[in-house]
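Letters A, B, C and D mark the chains as written, and numbering starts fresh at 1 in each.
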Amino acid sequence: MDLKLDAAAVQALIRDGLVAAGRGGLVVEEVRVNYARICLPFEDGMLRPGRVISGPTLFTAADSAMYALVLAHLGPALMAVTSDMNLRFLAKARPGDVIGEAIFLKLGRRLAVMEARLSSRAEPDRIVAHATGSYALPIASDHA
Amino acid sequence: MDLKLDAAAVQALIRDGLVAAGRGGLVVEEVRVNYARICLPFEDGMLRPGRVISGPTLFTAADSAMYALVLAHLGPALMAVTSDMNLRFLAKARPGDVIGEAIFLKLGRRLAVMEARLSSRAEPDRIVAHATGSYALPIASDHA
Amino acid sequence: MDLKLDAAAVQALIRDGLVAAGRGGLVVEEVRVNYARICLPFEDGMLRPGRVISGPTLFTAADSAMYALVLAHLGPALMAVTSDMNLRFLAKARPGDVIGEAIFLKLGRRLAVMEARLSSRAEPDRIVAHATGSYALPIASDHA
Amino acid sequence: MDLKLDAAAVQALIRDGLVAAGRGGLVVEEVRVNYARICLPFEDGMLRPGRVISGPTLFTAADSAMYALVLAHLGPALMAVTSDMNLRFLAKARPGDVIGEAIFLKLGRRLAVMEARLSSRAEPDRIVAHATGSYALPIASDHA
């Protein structure tokens, strides 16, 4: 397993592509073999009642971290699409930049299965949500 | 099983509470015993590359429909929190108002388990994503 | 969507293949377009403490019903493999034959996504567990 | 977080309770703070076509490892019940003793959320399946 793109290249691809992510200024902080970390800079729209980070924001962080991991390892595979996502909410996430870290559970030819841990920079050592998800990967024979 | 709140009351509670949902003008279209339907009016920020409805938007629709269902049956149980969400993306969702319909799989004392089907009004008969999720419910004994 | 195999043919394929299922005498009760129902005849080994049907038994029923659905629609695609399974346990299942009913959420070229409802014949109208799962499908180009 | 029971005590509780597990001779190999490892000794009934470990066997290993983790930390909480299980199958598992290792993602008052990794002793460094699951915990107020 090795990398096809660095963090800056992954970030450029994601920002170009995603209206929503581009608006929030998603940052790809680090990519290395079998690891990607993204940051969603804090903004008030991320909060739900009780001033905790909302579920959709945590979903976005998980999905973005997984997508960054796939892009870094496969190159500009913009056709990779989320097939499913399983999110578990573990603790209240205090207002702060939202961090998503993803690793591969499996990188197959047709499916990438990943795990992500989500946290807030307001309390960096606390995992506030855990996700596993799979992406369907474009395959050579699909384009033959 | 019977209802504690009607659609207008549920909508008022959700809009008051959720910055993000309030901004988008979430509509609670219908609540009845064991059913809730919400609508997220279309806006460009919902799209991802290829002009399809994004994953976070579908997550929001699933979560909002489930929350509306819980509110309608339990009253203003604002302490109900999403415990987990499993989302399966089935088809590309064309630009349009996003519809979420939720039913109970189980309404227990401590946990509500729900199922949601998501679609776009651009293609109303096509389920574009399916979700199951659980909410932890506040219980009397917790506050005793 | 139409059928490639009837219930008897599906049952023969599953029984031939699965040591565990064969032992328990799994019955494919019905297959039709977008529907399969299997029965695991009751035996004491299915019980866990409290005399309720065990989790592994319900998993087996969900997986068998989904596999029967795939076989009925795709023919003897013995290479189809479970990619993931999400099971929610809703109620205690009393001792009795275990019934699994599966439908498609999506039948794609590469992935079949299905939903299954599990019940016990001791209390036929009560859904005791709900499952969604996906199967990776063998594709022509894989064998080219 | 500390332990209420050691591996031998956990094993005795599980074997007493579970007909199916008792039959297969489940071994609780290790429990320590935030970790439990169980072993299902290999037997032919675990195999599915292609001579790989079956899905129900991997489900059993995940569920048993999580249950052992809960028992070790909470004592003989035999009323703890699996609420949901999400299993991802990553690789073919060759015939061999099946190992399940579980950790907590969250140990709350009402819900324990856990992660498990499954492998076969035939190929110990290969994770063949990954699971996350939640258990509903009995609470004092339920028995008041």
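In the analysis below, contacts are C-beta pairs under 8 Å (C-beta built on N, C-alpha and C of every residue); 3 or more make two chains touch, one makes a residue touch a chain.
Bear in mind that the values here come from a model prediction, so they are computed numbers and not experimental data.
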| item | value |
| --- | --- |
| If a chain touches chain C and chain D alike, it appears here | A, B |
| Pair sharing more residue contacts (C-beta pairs) when A-C is set against A-D | A-D |
| Relative to chain A, chain with the most remote C-alpha centre | C |
| Chain A and chain D: spacing of chain centres that average the CA atoms, whole Å | 29 |
| Chain A and chain C: spacing of chain centres that average the CA atoms, whole Å | 33 |
| Chain B, residues touching no fewer than two other chains | 83-84, 86, 88, 113, 134 |
| List of chain A residues in touch with chain D within their complex | 86, 88, 90-91, 105-106, 113, 115, 127, 130, 132, 134 |
| Contact set on chain D toward chain B in their complex | 83-84, 86, 110-111, 113, 134, 136, 139, 141-142, 144 |
| Chain D to chain C touching residues, read off their complex | 17-20, 23, 44-49, 54-56, 59-60, 63, 78, 81-89 |
